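Should a chain be cited, it is by its letter among A, B and C, assigned in written order, with residues numbered from 1 in that chain.
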Amino acid sequence: MAVALSTQSLRVDFGGLPAVDDVSFDVAEGEILGLIGPNGAGKTTLFNLVSGYLRPARGEVHLFGRDVTGLPPYALARLGVSRTFQVVRPFPRLTVLGNVAVGAYLRHRSRAEAERAAREIVRFLGMERVADHEAGSLTLPTRKRLEIARALAVEPRLLLLDEVVAGLNPAEVEEIIEVVRRIRARGVTIVIVEHIMRVIMGLSDRVVALSYGKKIAEGTPEAVAAEPGVIAAYLGSEDDAPGP
Amino acid sequence: MTVVTLLQTAAGGILTGGVYALVGIGLSLIFGVMRIVNFSHGEFMAVGMYTAFVLFRHLGLDPYGSLLVVIPAGTALGVAVERVLLAPIARAPEHTAILMTVGVGLILSNSLLFLFGAHPQTLLASYSTATVRLGPITLSFPLLVSFGLTVLVITALYLLLTRTDLGRAIRATAQNRDAAELQGVDTAWIRTAVFAIGTVLAMAAGVLLLPLLYVFPTVGSTFTLKAFVVTVLGGMGNVVGAIFGGLLLGLVESLGASFGATNYRDAIGLVAFLLVLLVRPAGLFGRSRV
Amino acid sequence: MSSGGLHPVLRIALLVGVLAFYPLLFGGTLNFGFSLVLFAALATSWDLVGGWAGQLSLGHAAFIGLGAYASTLLWTRLGLPVWWGVPVAMAAGAVLASAWGWITFRLRGAYFALSTIAVAEVLRIVANNWADLTGGPEGISIVSLPSPFGLDLFGRTVQFYLALGLLAVALLVSWRVGASRFGAWLEAIREDEDSSMALGVNPARMKVLAFVLSGVLTVAGGALYAVHLSFFEPQGVFDLHLSVQLVLMAIVGGMGTVFGPTLGAFVLLGFQEAFRSTFQQASLFIYGVIIVLMVRYAPDGLTGRLQTAWRRVRDGRRALDAVP
C-alpha cells in the first residue's frame, strides 16, 4: 500500500513556543485518517504545514514519496493536495458554479471543460439547485458543502478536511459523513479534523491524537480512545471526551 | 562639505522630521485602530494650514495660537467625517475605505481651492526669518519652535494613550476589536475618537508647518504621501515607529537634497519608501500588517 | 456569467459600429468624442487590474505619461515614427509593469495603492526635473508627425478612429480575460487571495500579468493622448487626478465587467461636457462627491444596479438561497 502523506519530525513555533512539535506519521493511500486533540493542540497548524501555508522550522513533508517541504499552496494543489478551511472562505461574489470552476481550471484549461467538470462536482454534492446562486448569499450548511466541492475540483489525491461539520445540525452532519465516504470511494486519501467524536471515530480507519503540539497516540479509533493519555488530554471538556 | 554644514543640514532635517512624524503618527494611529488607510490625511493638514492662515490674516492671531482653535475644530471635523462617511462602511472590504478617503480628500482640497484660489500664499510673521545659534550651527527659529511644540503634542498623545481610560480602550481596540467589545469597550465610539485625534494631529501639523512653507490647496497630497512614507518606515500602526520614521525621512531628505539636486527632494523620500516596501514591508522598526 | 442576449463579441462590435458613426453625425465635437472613446479605453484597461484582480491602482497615470513621453521623445529625438515608437513604448510599459508588479506583488490593498501613487509621483518628478531629456516643466510640443498611408495624424477624425480602435481592443481583451481561466483566477484573487492559493492559483504571478496587460494598453492610450494634445507637460500626463478619473469611471460604470468602465466614462464625461462652465472649475470637487456617494450607496456601480434590477425583473424574486 502506497504512502500518500508522510510527515517527519515536523516542527513550527509561534512566538517562541512550539505549536507543532516533532510530529511524524504516515497516511496510507486510500485511507481516512482522523486527527483529534483538544483546542489549541495544533491540528489546524498541522494542516497549514501540510498544505503549504506554513513553512516548518524543522522536519519534512512527503507526498506520495516526493519531498514537498516548503512548497507553496498552489504548487501543492498542482501535486494533488487540497484542503478546506475551518472558517469557510467562499468567493462571495462568484456563483457556486463559479467557485467550483476556479478549482476545476487547475486541471482544465478551457472554460467549457472547466465548467463541465465543475457541474459534475456540483451534482456530486447535490448542489444543482443553487449552482447559479452567489456564494455570499448561501446559508452555512450550503457553504460547507461548497467548501468541499471547491476542494474536490482540483482533483486531489489527498484531501484535508478541517472541521467540515462544525455548526451543523445532526441531519446535516449525517449528510456530510455520507459525502466524505463517497469521496473516499473515488480513491481520494482523506485526513479529517473534527471535534465531534462520533464523526471521527465512525469515519476514520486510523486516528492520530495531538496535544500541545505533540503526537500522543496513533492507532485504530478504539485503541486511541482508550489511551489514558488521550482521555487525560480531554479532561475538562466533557462534551469533547472520546468514547463510543 | 564641512562638518558644520553637515551637522546643520542634519539638524534641520531632524527638526523637519519631527513635524513629519506628527503627520505620520495620526495616520498610523488611524490605521492601527481602524484598519483604514486615510488617503485624505494630507488634506486635513492643509485645512489646518489654511485655518491658521485665515486666523492670522483676519484676526492677527499668531499661528501657534491657532493650535488652540484647531484642536476643537479638528475634533468636530473628524467626528463628523467619521460618523457620516466612515462608520457606515466599517465592515466593507478594504478598497471601499480607500476610495472613500480619496473622495473626501478631493472634496477638501477642492473646497480649499474654491475658497482661497490656487496661488501659493505665505505667512510672514515677525519671526519667520529669525534664526537661533546653537554653537556653530544656525537653526531657523520657527522650525525650532515647531519642533518643540511637536514634542509637546506627541508627549500629550503618549500620556493620553498610556494614562487614560480612553487611551487604554484605544490600545485594546487596536489589538483586538472583538475582545475589546467583550470587555465593554464601545469600539464604534473609539473609532470615532481615534479618527478625530488623527484629524487634530494632522491639522496641528499644518499649523506648525505654516510659518515654514508656502500654502496652496494641493499641498495636502504631497504630505499624504510623506505621511505614508513615515508610517511605512515605522511600521503601519506602530506609533512609536512613526516618530523614528518621521525623523529618518526628514534626515534623508535633507542630506539627499544637499548632496544631490534639491529638485528631487520629494522623489528621494518616495524612492526610499519603495525600497523599504521592497525589502521590509513591515517597516524598519516594527511589526505591521501587510 | 452572461445574462443571455447577444454574444459579447457581437455586443462589442455593435458598440464600436455605432460609435464609428460619431464623426459623421457630430463632426463639430470631435474633441469630446475623442475623449469619450479614449478614456473609455483607458478605464477598461485599468479595470483589468482594478476590477478583475481587485488591486486598486491609483497610479495608472504613470503608464499614460510613459506612453506620452516615450513615443513622443522617440519621434522628436530619434525620428522614430510613431508606429515603431508606440510598440517600443508599450514594451517599456511592460518592463515597468513587470518590475513594479514584482516589487509590489506581496503588498495587499492599501500598500499596493500607495506604491502606485508613489511610482507615478516619482516619474512625474523625474520628468519635471530631467529637463535635458523631457523639456522639464515647460513640456514638449509635437510640431510634426509622420503621415502613414497619407493619414494626417493631427486630424481629429483620424485620432478618433485610432482611439476607437484602442477601445475595441481593450473591450475584446476584457471580454477574453473574463471568459478565460486567467480571468477566473483573477477574480478568485480579488475575492480571497489566501484561499485561492489552495486551488492552485499563484497570486503574485497572476497579478503581475494583469498589471502588464493593463499597463501595455494604457501606454498605447498615453501615446495617443500625447498626439491629441500635441503639447503636454509632466503635470498633465502624470497627474494623480488622471489616475483617479480612471478609477472613478470604472466604479461608476461597474468594476469587473466588460462594458462598465466604458459606461462610466461616457456618463462622467457626458456630465462634464453638459455642465462645462460650472463643472469645469468644480470638476474635481464633484468627482470627490461622486466617489463618496457611490462608495456609500452604490458600490457596484451603475452596471451593478442595472444588473440587480434586471435580475429581479427576470427572476421575479430576490436572490435567495434554497437548501439543496
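Note that a residue touches a chain if its C-beta (ideal position, glycine included) is under 8 Å from a C-beta of that chain, and two chains touch if they have at least 3 such contacts.
The shown structure was predicted, so the numbers you read here are calculated from the model rather than taken from an experiment.
Engineer: Assign the assembly's chain-to-chain touch graph to one of these shapes: line, ring, star, complete, other.
Structural biologist: line
Engineer: Please identify the chain with the largest separation between its CA centroid and the CA centroid of subunit A.
Structural biologist: Most remote chain from subunit A, centroid-wise, comes out as B.
Engineer: Counting only Cα atoms for the centres, state how far subunit B is from subunit C in Å.
Structural biologist: From the centre of subunit B to the centre of subunit C is 32 Å.
Engineer: Approximately how many whole Å separate the CA-defined centres of subunit A and subunit B?
Structural biologist: Here the centre of subunit B sits 47 Å away from the centre of subunit A.
Engineer: Rounded to the nearest whole Å, what is the centre-to-centre distance of subunit A and subunit C, using the mean of the C-alpha atoms as each centre?
Structural biologist: 42
Engineer: Please give the residue numbers of subunit C that touch subunit B in the complex, ascending.
Structural biologist: Checking each residue of subunit C against subunit B gives 54, 56, 58, 103-104, 106-111, 113-115, 117-119, 121-122, 125-126, 128-129, 240, 244, 247, 251, 281-282, 284-285, 287-292, 295-296, 299.
Engineer: Looking at the complex, which residues from subunit A come into contact with subunit C?
Structural biologist: Within the complex, subunit A contacts subunit C at residues 51-53, 72-74, 77-78, 82-83, 85, 89-95, 97-98, 101-103, 105-106, 109-111, 114, 125-130, 132-134, 137-139, 141-142, 145, 150-151, 153-154.
Engineer: For subunit C, which residues are in contact with subunit A within the complex?
Structural biologist: On the subunit C side, the touching residues are 1, 179-181, 184-185, 187-188, 191-192, 194-202, 319-324.
Engineer: Could you list, by residue number, the parts of subunit B that touch subunit C in their complex?
Structural biologist: The contact residues of subunit B facing subunit C are 31, 37, 39, 85, 88-89, 92, 94-96, 98-100, 102-111, 113-114, 221, 225, 228, 232, 236, 261, 263-264, 266-267, 270-271, 273-274, 277-278, 281, 290.
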